[in-house]
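What follows is one structure encoded as structure tokens, with my remarks underneath.
Every chain is named by a letter (A, B, C and D) in the order it is written, and numbering of its residues begins at 1.
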Amino acid sequence: MRRSARRHRRQASRNGELTSPPSGDQSMRIGIIGLGRMGGNIAQRLMRAGHETVVYDRDPKAVTESVGHGAVGADSLEDMHAKLEEPAIFWVMLPAGDPTEQTIETIAGFAGEGDIIIDGGNSFYKDDIRRSKALAEKGIRYVDVGTSGGVWGLERGYCMMVGGEKAAVDSLDPILEALAPGLGTIPRTPNRMANEGEDPRAEKGYIHAGPAGAGHFVKMVHNGIEYGLMQAYAEGFDILKGKSSDKLPEDERFDLNLTDIAEVWRRGSVISSWLLDLSASALAEDQMLEKFSGKVADSGEGHWTIEAAMEEAVPVNVLSAALFARYRSRVDHTFGDKLLSAMRFGFGGHVEMPQ
Amino acid sequence: MRRSARRHRRQASRNGELTSPPSGDQSMRIGIIGLGRMGGNIAQRLMRAGHETVVYDRDPKAVTESVGHGAVGADSLEDMHAKLEEPAIFWVMLPAGDPTEQTIETIAGFAGEGDIIIDGGNSFYKDDIRRSKALAEKGIRYVDVGTSGGVWGLERGYCMMVGGEKAAVDSLDPILEALAPGLGTIPRTPNRMANEGEDPRAEKGYIHAGPAGAGHFVKMVHNGIEYGLMQAYAEGFDILKGKSSDKLPEDERFDLNLTDIAEVWRRGSVISSWLLDLSASALAEDQMLEKFSGKVADSGEGHWTIEAAMEEAVPVNVLSAALFARYRSRVDHTFGDKLLSAMRFGFGGHVEMPQ
Amino acid sequence: MRRSARRHRRQASRNGELTSPPSGDQSMRIGIIGLGRMGGNIAQRLMRAGHETVVYDRDPKAVTESVGHGAVGADSLEDMHAKLEEPAIFWVMLPAGDPTEQTIETIAGFAGEGDIIIDGGNSFYKDDIRRSKALAEKGIRYVDVGTSGGVWGLERGYCMMVGGEKAAVDSLDPILEALAPGLGTIPRTPNRMANEGEDPRAEKGYIHAGPAGAGHFVKMVHNGIEYGLMQAYAEGFDILKGKSSDKLPEDERFDLNLTDIAEVWRRGSVISSWLLDLSASALAEDQMLEKFSGKVADSGEGHWTIEAAMEEAVPVNVLSAALFARYRSRVDHTFGDKLLSAMRFGFGGHVEMPQ
Amino acid sequence: MRRSARRHRRQASRNGELTSPPSGDQSMRIGIIGLGRMGGNIAQRLMRAGHETVVYDRDPKAVTESVGHGAVGADSLEDMHAKLEEPAIFWVMLPAGDPTEQTIETIAGFAGEGDIIIDGGNSFYKDDIRRSKALAEKGIRYVDVGTSGGVWGLERGYCMMVGGEKAAVDSLDPILEALAPGLGTIPRTPNRMANEGEDPRAEKGYIHAGPAGAGHFVKMVHNGIEYGLMQAYAEGFDILKGKSSDKLPEDERFDLNLTDIAEVWRRGSVISSWLLDLSASALAEDQMLEKFSGKVADSGEGHWTIEAAMEEAVPVNVLSAALFARYRSRVDHTFGDKLLSAMRFGFGGHVEMPQ
């Protein structure tokens, strides 16, 4: 019942969707489950590179939109399976936890030996280890892909950290290479060029990090670092902003232009980074950042990074402080703050009560 | 113009103010400047022990009240000087900063050689070092007394850390002993009793810590530790309280009685302390601590403790975190929080804006 | 086959082991498994209060020693069961993890309906929840007791936080009361006395915290706080000690007597506590603390406390910093430190290499 | 006695030192004091852009080397003054503290009205405020330039944050523009381009941040952030490295290739940055970083940043933790660690002593 990859490609080509010529035998067909911001763009970027996608989403509109970009639509996971070649490759791009877990279970119900299930979301790496073992008993191969790139990935490419057994990961090379940024304009690392035998994939923007779970583990730590970097900038800009406070002596007060400071730091300074680029852009739009509530969410990775550090007995004061700043941002007052006031009242008669 | 100490003591005695007999030659006369919560109680505790006080406050009512307890009132600092014996002893008990600084300057204008100026407040120890040098040029002796005990000191006695030159500090012994708690009912430290030649003052509740500034330095670190201890309890109780959150799986939720927990920890546990006693009392009054706003003040010592640590290159993650928690408690949102949201919006399209 | 409690008591009494008369119907018989520092002392304290104990340990010498104190020895867990009354009560006092888990499994193999298994060790509270459910299916009742008091518990009594179903916990009252410190000489909490209907057990030193797991949860947070308190003192004394460093300007250097400072803070200061008492004693023995290596262990509770905080999204900068300081104390250099040097060399040519 | 700028330029040109033609009237003559890594390169970069430099250093060899690059040598600060045009411009590029302070005092001794003294080093911004006021009384203008770029500045250009009065700073525009990176290949900030009236200097790599001190203040916060960013990476790589520890369960252990991970994160990930580029290069040279001692220095800015935050009551848990990690890296054990062990021994009999 499966249409051949070739035929589909021809058809898609007729629809004018493919922006680059298919790369011969490298063209693969892959199923994408979950067509949100990430999944939809991943499908598009694969098709632009000449790959074929079979797509499924709970929301039929998302499927229709993706079909408009050249994808083959599927009504169900079983339908997707029928439309894939052997071995079937499923890229699950859903929220971590129940949605991902249940989808993988469903696929495992009908998948055959040699099929590959990829979890491209943000799953906890211990779930990967568990799933990989369970699926291996059925001959199904499991690959975890930690994917960084956010809304920019469609154009810039995705940075990917991949876990799983070597043969399975190697077989995905055409797909991963298509999704990755490639060498591009980023200067090569000087010392790296001298080393023979380096894995060339890292420079293209993806790595085979290790066995199942290793991909999501590295991505998890990536996000942990991300929290730390973000909080470092946040605290620095807080100090800059606070320097105009009228609580300071008048001649030690500065009314600083945060927009210009972010901009100038992008140019030749030690702290230039992509996160700083984003900060500069946000500040250029509104130096007061008034549209933001100041309540900051966190996803599992920040939390799991601290857990991993504790399992290894690694001190992580910066990464934990970054996470806790987000927790704190979401409450008006902690109960602990009130207890501090209660103690101060108890020993010193200090009054910290609402008027 | 000075009335003799003897005559005053007799008069005070007639007023029925002295609750214990004067201890012979040990009775001293001292000027107290600043009759707030601390200064007023210090005067009272000294008089209860048979010492004479000459008192001054900007607010004449405070002077009148203290006179009612047996003190000799003074209209001005000069008047106080006239009413003191030689060498005159001035105990300045005012807020750190300008009030203390200006008062000491005024006294220095008329004080004579050998007079002693005590700063019993919370001055920065480097100010003590500077003042001590300046006053020494005029032959005036400067003593800094870090005083812990808060509103409980009148009854329990004050824990005092004293800086200054040995002869001056030794001459104040009767006064310091009267203010200190004394051996009381607190069990003696086992290893200490075995050591011959230990300074007996520490067990009575006061020490000569070192030269000028050393008293306030030790008191400053005391307060830095105090912040850390308080925050440790605050975070612990926060976790206990949060355990009833309906965000947790139902069978991992506990509805804990914080009042009973604080109480039971007072009894035989490793974390029993006076601060826990105060917490237990506050929680027994209202487990929700609803009368407290959750905005917590900090005084100079917490800040100075971190500065001192940085001058010594000592890592102080706990003491600094305790201080920063108070800063954070006093603002609704930091600008940094908003910058975090702006970055998240920039790379991931995450929306954290007010509804 | 079980000897009656009465007969055993008579015999123990003849051995002169019981230091207080048995309290009538309140006398109970209990099995103690694990006769280490904690378990052995718990058995003794129970026997001193007139209870009977049947004891077991892997090490026969430990059993013999306990029998010498009046306990009934058991050769095996089954033997212990035979020597207990119905319902049998087992107090497991073993290291958390495998030893405790396996012992409870073994007991569950032969225990009957209504029997009570107490885990008095430091188990993770989620293990309690899991075990309690599994045992309930067999009609076995599970009680977790978080026990604080360390080597001092035998004389001072143990502070206990108990989780489990009400009827089971209530039935243990005579045992818990015997182990707890009781009202003793610790002053009562002022606000508490005014409240009618307060659970009187908290003032005696034990509480029924909630369902299974609640006891160990409260004990876990207790230990988390303990870490924070300890680190606050540690940092403060570090600053005091560093104040004599010759890197500081000479007139800002103080050579402070840490022994006297610890002692004076015990007396009337806001930071007096039992941990400070212990510090004062250690410093009185050796102000340099030279016998200690500076490598500090941590047990599971500190780690679990941070995990619990993260599950509740509670910021715990102090408690985490305290834990991380212990991790850091156990390594010479982190790899991260080297990476910092590598970056500094990269951007600034700074050289931080070993000579 | 001053040679005209024109004549010198002609001569320098004959020496073949100027790599770009002098930009007409924009060519300036400036004195550079301190020819270390930073000062020497700054002189070179200025000369490459067609400016004239008069150079001085304590070490005559450094002067000779700079003369070899086309600079005019000076024997003393007075000699430099004689060789400069009016108003004379002095760029002091010396270590913060005494060297900078004394040099500025010396120059102030002979400088005339309208002369400009630039402090391009890492001075504390409050020193700038003080100096600026003192020099203004003599009509000397003071400009502080926070300079980032390290050893890469010669080729990449320097990111500069400038404080001082508008007219003085504006007059330095040709020099600052020559030192800055310029628009180069760094993509422009999207939102910025839309805003009319933005200061164009920020995009070139320098800003006039505010009055005297503002330049160094912004640079100080820059360095504070730098510490935070570096520590975030350090902790992340620590966790990655620790994941191979044999203390972990075998199936949760990964042997990760840190070199490839650093490389892949440079490509399309959210945490790409220049510091990551440097890390990738260092790891490519030696994944173990064995040549580094693990003892990490800190300069004044990290410390001052925390002080500034405390003056503003801004919580900075990440920036402070980053600084403290460096302190900690330089000692084997803290005294506080030993006190922890002493307490643990006191309450639990735990033994943490060297074998």
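As a working rule, a contact is a pair of C-beta atoms (placed from the backbone, for glycine too) under 8 Å apart; a residue touches a chain by one contact, two chains touch by 3 or more.
These figures come from a predicted structure and were not determined experimentally.
S.K.: Fitting the CA atoms of chain B to chain C, what rotation angle results, rounded to the nearest 5 degrees?
M.R.: 180
S.K.: What chain lies farthest away from chain B once each centre is taken as the mean of the Cα atoms?
M.R.: The chain farthest from chain B, judged by C-alpha centres, is A.
S.K.: Quick check: more C-beta contact pairs at C-D or at A-D?
M.R.: Pair with the higher count of C-beta contacts: A-D.
S.K.: Counting only Cα atoms for the centres, state how far chain A is from chain D in Å.
M.R.: That pair's centroid distance is 33 Å.
S.K.: Using CA atom averages as chain centres, what separation in Å is found between chain A and chain C?
M.R.: 42
S.K.: Averaged over CA atoms, how far is the centre of chain C from the centre of chain D? Could you give it in whole Å?
M.R.: Using C-alpha averages as centres, the distance is 51 Å.
S.K.: Which chain D residues reach two or more other chains?
M.R.: Answer for chain D, listing residues that touch two or more other chains: 150, 152, 231, 233, 235, 238, 242, 270, 274-275, 281-282, 313-317, 321, 324-325, 328, 334, 347.
S.K.: Over in the complex, which chain D residues touch chain A? Could you list them?
M.R.: Those in contact with chain A are residues 126, 129, 148-150, 152-153, 156-161, 180-181, 184, 186-187, 189-192, 194-195, 198-199, 201-207, 209-211, 213-214, 217-218, 221-222, 224-229, 231-233, 235-236, 238-240, 242-243, 245, 247-248, 251-252, 254-257, 259-261, 263-277, 280-282, 284-285, 305, 308-309, 311-319, 321-322, 324-325.
S.K.: Where on chain C is chain A touching in the complex?
M.R.: Interface residues on chain C, with respect to chain A: 270, 298, 303, 306-307, 310, 313-317, 320-321, 323-325, 327-328, 330, 334, 347.
S.K.: Which of the residues in chain C come into contact with chain D in the complex?
M.R.: Residues of chain C touching chain D: 37, 150-152, 230-231, 233-235, 237-238, 241-242, 274-275, 278-279, 281-283, 289, 291-297, 317, 321, 325-326, 328-329, 332-350, 352-354.
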